[in-house]
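What follows is a pair of complexes built around subunit A, which joins subunit B in one and subunit C in the other.
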Partner chain A sequence: MAEQNPLPKVVLVGNPNVGKSVLFNVLTGAYTTVSNYPGTSVEVSRGECEIFGVNYEILDTPGMYSIMPITEEERVARKILLAETPHAVLHVIDARNIERMLPMTLQLIEAGLPIILVVNILDEAKRLGMQINLQKLQQNLGVPVIGTVMRRKQGLAELQQAIADYASVPHKPFTYGRDLERDVTLTAALLKGEYRFSKRATSLLLMQKDTDVEQLVERGEPAENLAELMEVVRGIIFERRADLHLQISMERKKICKNMLADVVTQAEQADEPFAEKLSRWTINPWSGTPILLLVIYFGLYQFVGGFGAGTLVDFLEGSLFENYINPPVVDFVRSHVSAEWLFELLAGEYGLWTLGIRYAVALVLPIVGTFFLIFSLLEDTGYFPRLALLVDRVFKKIGLSGRAVIPMVLGFGCDTMATMVTRTLETVRERIIATILLSLAIPCSAQLGVILGLLSEVPGALAVWMISMLLIFLLVGFLASKVMPGEHPVFYMELPPLRLPQFRNVAVKTLTRMQSYFMEILPLFLFASFILWGLKMLGALEGIIGGLAPIVRAIGLPNEATSAFVFGFFRRDFGAAGLYDLQTNGLLTPTQLTVAAVTLTLFVPCIAQFLMMKKERGFQVSLSIFLFVSVLAFACGWLLNKILLTTGVLA
Partner chain B sequence: MNCGFCGKEIPAEIGPGEEKNSCGSCRGGCRKIHCPYCGYANPAPGKLLRRILEKKEQKD
Partner chain C sequence: MDRLSPKAEEILESLWIATVEGDEVGCLLSELGISADAQELNELIEQAFVEVRGERLHLRKEGRPEAQMTVRRHRLAERLMMDILDIQGDEGNEQACAFEHLLHQGVDTKICTLLNHPTTCPHGKPIPPGTCCEEARQKGAPGIVPLTELKSGESGEIAYLAASDEKKMQKLMSMGVLPGSELNLVQTFPSYIFKVGHSQFAVDDTLAREIHIRRPVK
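On to the complex of A and B.
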């Protein structure tokens, strides 16, 4: 039996949430199948449609942001483009974000694919005052451009006509800057094989170390040519190791910007939307820094420090636990347990209930709860990527880039998880510097909350603590970047829109983070209480406290403060809770409280963070960081104590 | 879901509790979804919360 001719294919590509699936359903109706792409768990929808008497097979690919794939979805979408020989590729974009999405159109055109650009959601763009001259855009791009509102089937007839009439013509070349153009041309000239993508696009992907394309080239090139080609590509990669991705991305953006200059007009509006204005203000250093200070003041100082560590802790710890929960629990244990060691284990000074549960539930949970609420709120507005851009210049001075804001911001939640996230930084040098700074100068949420709560009651103390931490953060980062010289990291990112936080998102994120945090700390707090109880029973705790006491006295603190440092080794927040107990018992002067807060913040990373450091950076680096941080913490505490006593600032 | 940092959509199979995607930092099961584009650790609702949310979504 003769094999039937396959139907001409129409492939749909584009970012997620641009109306690709709506277009697929409009084109295909009910005749669709969904199956996993061979060898993957990624679903691809296929369907058929008839346009002017011709049947077509329609493929809906998973969402992709670029033809250089990162996720499995993008890899599958690109594989489809590489494997199929489509009659037409419909690139669906959201008209409102045309400038952000057009660079991918450029990539697809550059690849030599039979592109039809579908500018969807035109109605919303018009509502926002955008006028898009589609004819001019078509002229500039050299491919068919159709405007649609697919959920109302507007533009469907024109699109069907464009698919039926599609005749592939050589695409317009888009020219990059002179250096990049030279490298692309050189590589493309050396490619002798036949590839689905144009030689120009294949060269660019090779230069960006795309492993799938590398394999294709290895298979497609004659052996005598391959060695020379790869040698040239390796040379370009090495020469452009610092900024190739950035340069390609920036040049594409520039081409798109120029192309859209006479295509998109924004109707005169009396006022620029407030979100746009605010977004600009948050990135500009002159307005962004005061906004950051306002966020810190109201979000951290007033809400977490004042409300969380003050009002909520006073209610839970000082009132509920102290007056109503602890007395009956302790009485119950005393009346039912005759053995003194067991009583001590359950409800004694370092008992599972009196220390472990009380610290976790009454002290730490309300603080991290308020912290995570404000954190999730800021996250949902899209403020964090703007913060990354704001601090990028300062971070460059300490060997990092704005990208390091991700682990730093997460470190204020939990340093252990943030240490793991340092693996997303580009260079080993950045990862080590970020790990040092996390273990040294970034307090975790509970520690931060307790410190804010305690120091806010002493005039000037919080300012001294903040200035000390900022100076140490910058100084250590600066010195570390000098000790470990290396390339300057490059950072760029597309900003998501600034938006009003959604109640549901904020609530779910806050609850999830609180649950996650509580599940993590409770067993550790109980374990720490158990160890402390064991050490007390064996008489070893006094020995440890006695051993540490001279160091603690040297930085001007009373012997009783030693226990907070012992606690701090188990968990940073456990140590901070110990500091809370010391202060509420009236054992610290304002100077001592400030010195203790600075030293405890800098003091050794907790056990969990140390283990994560070992996993990420290796034992030797982690041990070096541990020793460096411990010595530096007490050195800074000693120096600060001398300065405060000499100047009498907090006297 | 969309990443809380870069705003890009995280593919559905990079979900919570997936053994293959676990980074090992959460005790008692994975509760984070790491964005493949920027590396940000997004919180993943626990089983109970997920069930409540799914029920609510079905209702809506």
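On to the complex of A and C.
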């Protein structure tokens, strides 16, 4: 986009969990998703703010550990640094881990970026007995250093002042060991093109075989120069094949250590705080598993299933819409619209109002909303990385690393969002397995809510459904991990400290997620209603239902259930909701109900999820998954029906 | 003492395998395929390494150290051929047979150290330890172990990261898991959880095996 007069930009960078997004919110006042988990904010948030009468554009980037990217998130963040020409780059660090995070400050300064160092979370560092002399650090580093506690907006004024006053001054480079210096200087001297990063930083990245930078250089250098340059770089890479990365890291560590020698003083540490104890309980399998079960029972079953899908839906759907909103709307439409087709479109059986808006608002929103509330709450405490390490061993059996637990859990909220988040997984193999499992065995919250509501009325049905889903999840995962070629995943993850959830964070996260969900689904609901209406008007609906009916009968379900499956094409929860209508009309036996619920849960992903799959995995892979899932769903339904009928479990 | 000829070494080797590792009492000369007046046999008898009683050849006490070292050189040569030079199968065996006779005067010690003091040959037979192995064991006792060998609660300094996957190692390094940092192991199951500075990390056993820790000297 070519803007006429672009605003000066301020870019936030730093490790995950250092308060970047909180800082973003404080600066812009805008709503963004604050993520305590490295994997849920792949997108870059942009906002605007005004400091002393000047408007700035603020960019929040995904967490990165080094300017040499390894994961997708880091690549996104680095891309911004390479593409933008910011007025200032705020490197946000956690004061408690200053020694570990300062090497990236060196890299950023070395790259010639206009850095302001923001030492955040000073209060927690003080509690740990750390004293940090920021003035001295500023002298040693040669860039502005601001100490903050962003959660309480401490240091905001100083930071704004620093942004407004920022004037880039060339600094003297940090020097490495003589041999490394020689190679860096040699390479830098051969660089003739213009690059966003300094020649020194570009050379170092080239030497470390950074492919993105390599491409930039290939484009940026005159052809006759490129050959000589790459020859030299290849020579250095070969010469230092054993330990270049290590040497660079160690040298930076040494520089930081010297720099911090007179900056940080550490007093004796106080007692282990309660959060540490709780953290230990959550990561120990003996106490961690019961805690997980408690979280599932109270968070998912009681709150989402009981309160969201029960109380709230009863109120909205049962009383509000049924008694107070629907009758006047239907009457109003009937008295003003004479054409039957138009009446059908607006307020008929599959009408935009009756099926589209009513389902979206009264049935789906309360369930998804309560789920996102719980998810955001857990996310803000830092619980998910702990869950990831608990399940890592089990997940390895199904070809995934513990990291994949986050998209899986998010899938219980919305499989479409979860499918998008699978891109944070490291290998293509993991991404495909996760995508299959999401589209197959993870019901989204809307579907889950309706199914829990349906099945809880029949004793035993819920257990059969849960066992079936769990078995299929593990079995398909296990087989997929055997069949799929590719690298096996390795698990590593930083555990952020457990903390009390911040009300504001949780509220913002929940609302943002609900909003994007609602913006995304309402059009789809209306679109689906429109299609269904069109099919009904054309008489094609009967045709499709008639075509599918033999398959539905084959798994022991009545003809009427077919429409639920057809609706399932449009949205997963749609189908479940159709089942709900059948159940309330007393058309299903317990066995039929359970078989229908299992088949429908396994059945093809909704349109939105399919489109997301196509976007993330490509058309061929998505189509294969789509067909595989559809066939497997009915096969499992058929098998379950036979088993239930033979054993008479639910008779 | 003159160096034994390759053929004499082969005899010692066969004797060691048959009588010390196996349970035979001496070897039939005919089975070894040597005549009673063979040159290599005389060589060994002169050194008092072996003696002939009847039709059987016996390994004497004096010959045992030499025989043991011959076997050791052979199996080290096999390791070198198959592990490092990646020459497999019959070709590897042949090359090893030729190569073992060159491993004298400290070359075997160098190879043994290069191979990190292996205890078995590629066929699973034991490699008799040399003095270099003993020394390494003595020094290594308090020394450097993979993270998987530590118990929960133990601390140590990160000695080095064994890089089998460069990207993963870079990731660890950029998170501050660097040689020289103090590490405290918090938990070993279901994942390895450790603390460096004020931060906690979780890794699986694949990665934990690649982080090597220097235990504090008690």
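Brief remarks on what is shown
Everything below uses one rule, namely that the second predicted complex is superposed on the first by the 374 of 651 C-alpha atoms of A that agree within 3 Å, B and C clash if a C-alpha of one lies under 4 Å from a C-alpha of the other, contacts with A are read in each partner's own complex, and residues count from 1 in each chain.
In this text, a contact is a pair of C-beta atoms (placed from the backbone, for glycine too) under 8 Å apart; a residue touches a chain by one contact, two chains touch by 3 or more.
The structure presented is a predicted model; accordingly, all values stated were derived computationally and were not measured.
After overlaying the two complexes on the shared chain, residue contacts for A:G402 are found with subunit C alone; subunit B is out of touch.
Touch criterion not met for A:L526: it reaches neither subunit B nor subunit C.
Of the two partner chains, subunit B is the only one touched by A:D380; subunit C is not. Looking at the shared chain after the overlay, A:L511 reaches subunit B, while subunit C stays out of its contact range. In the superposition on chain A, contact is made by A:M612 with subunit B only, not with subunit C.
In the superposition on chain A, A:I237 makes contact with neither subunit B nor subunit C. When the two complexes are overlaid on their common chain A, residue A:L390 makes contact with subunit C while staying clear of subunit B.
By the touch criterion defined above, A:H245 reaches subunit C but does not reach subunit B. Touch criterion not met for A:L639: it reaches neither subunit B nor subunit C. In the three-chain superposition model, subunit A touches both subunit B and subunit C at residues 65, 70-71, 385, 493-494, 497.
Touching subunit A in their complex are the following residues of subunit C: 161, 163, 165-176, 178-180, 186-187, 189-191, 193, 196-204, 206-207. Across the complex, subunit A meets subunit B through its residues 16-17, 41-42, 62-63, 65, 70-73, 379-380, 382, 384-385, 403, 406, 410, 416-417, 420-421, 423-424, 493-494, 496-497, 508-509, 511-513, 515-516, 519-520, 523, 612. Contact residues of subunit B toward subunit A in the complex are 2, 4-9, 11, 13-14, 23, 25-28, 31-32, 34, 36-41, 43-46, 49, 53. Every residue of subunit A that touches subunit C in the complex is listed here, in rising order: 65-66, 68, 70-71, 96-97, 99-101, 103-104, 128, 245-246, 249-250, 253, 279-280, 283-285, 385, 388-393, 396, 401-402, 490-495, 497.
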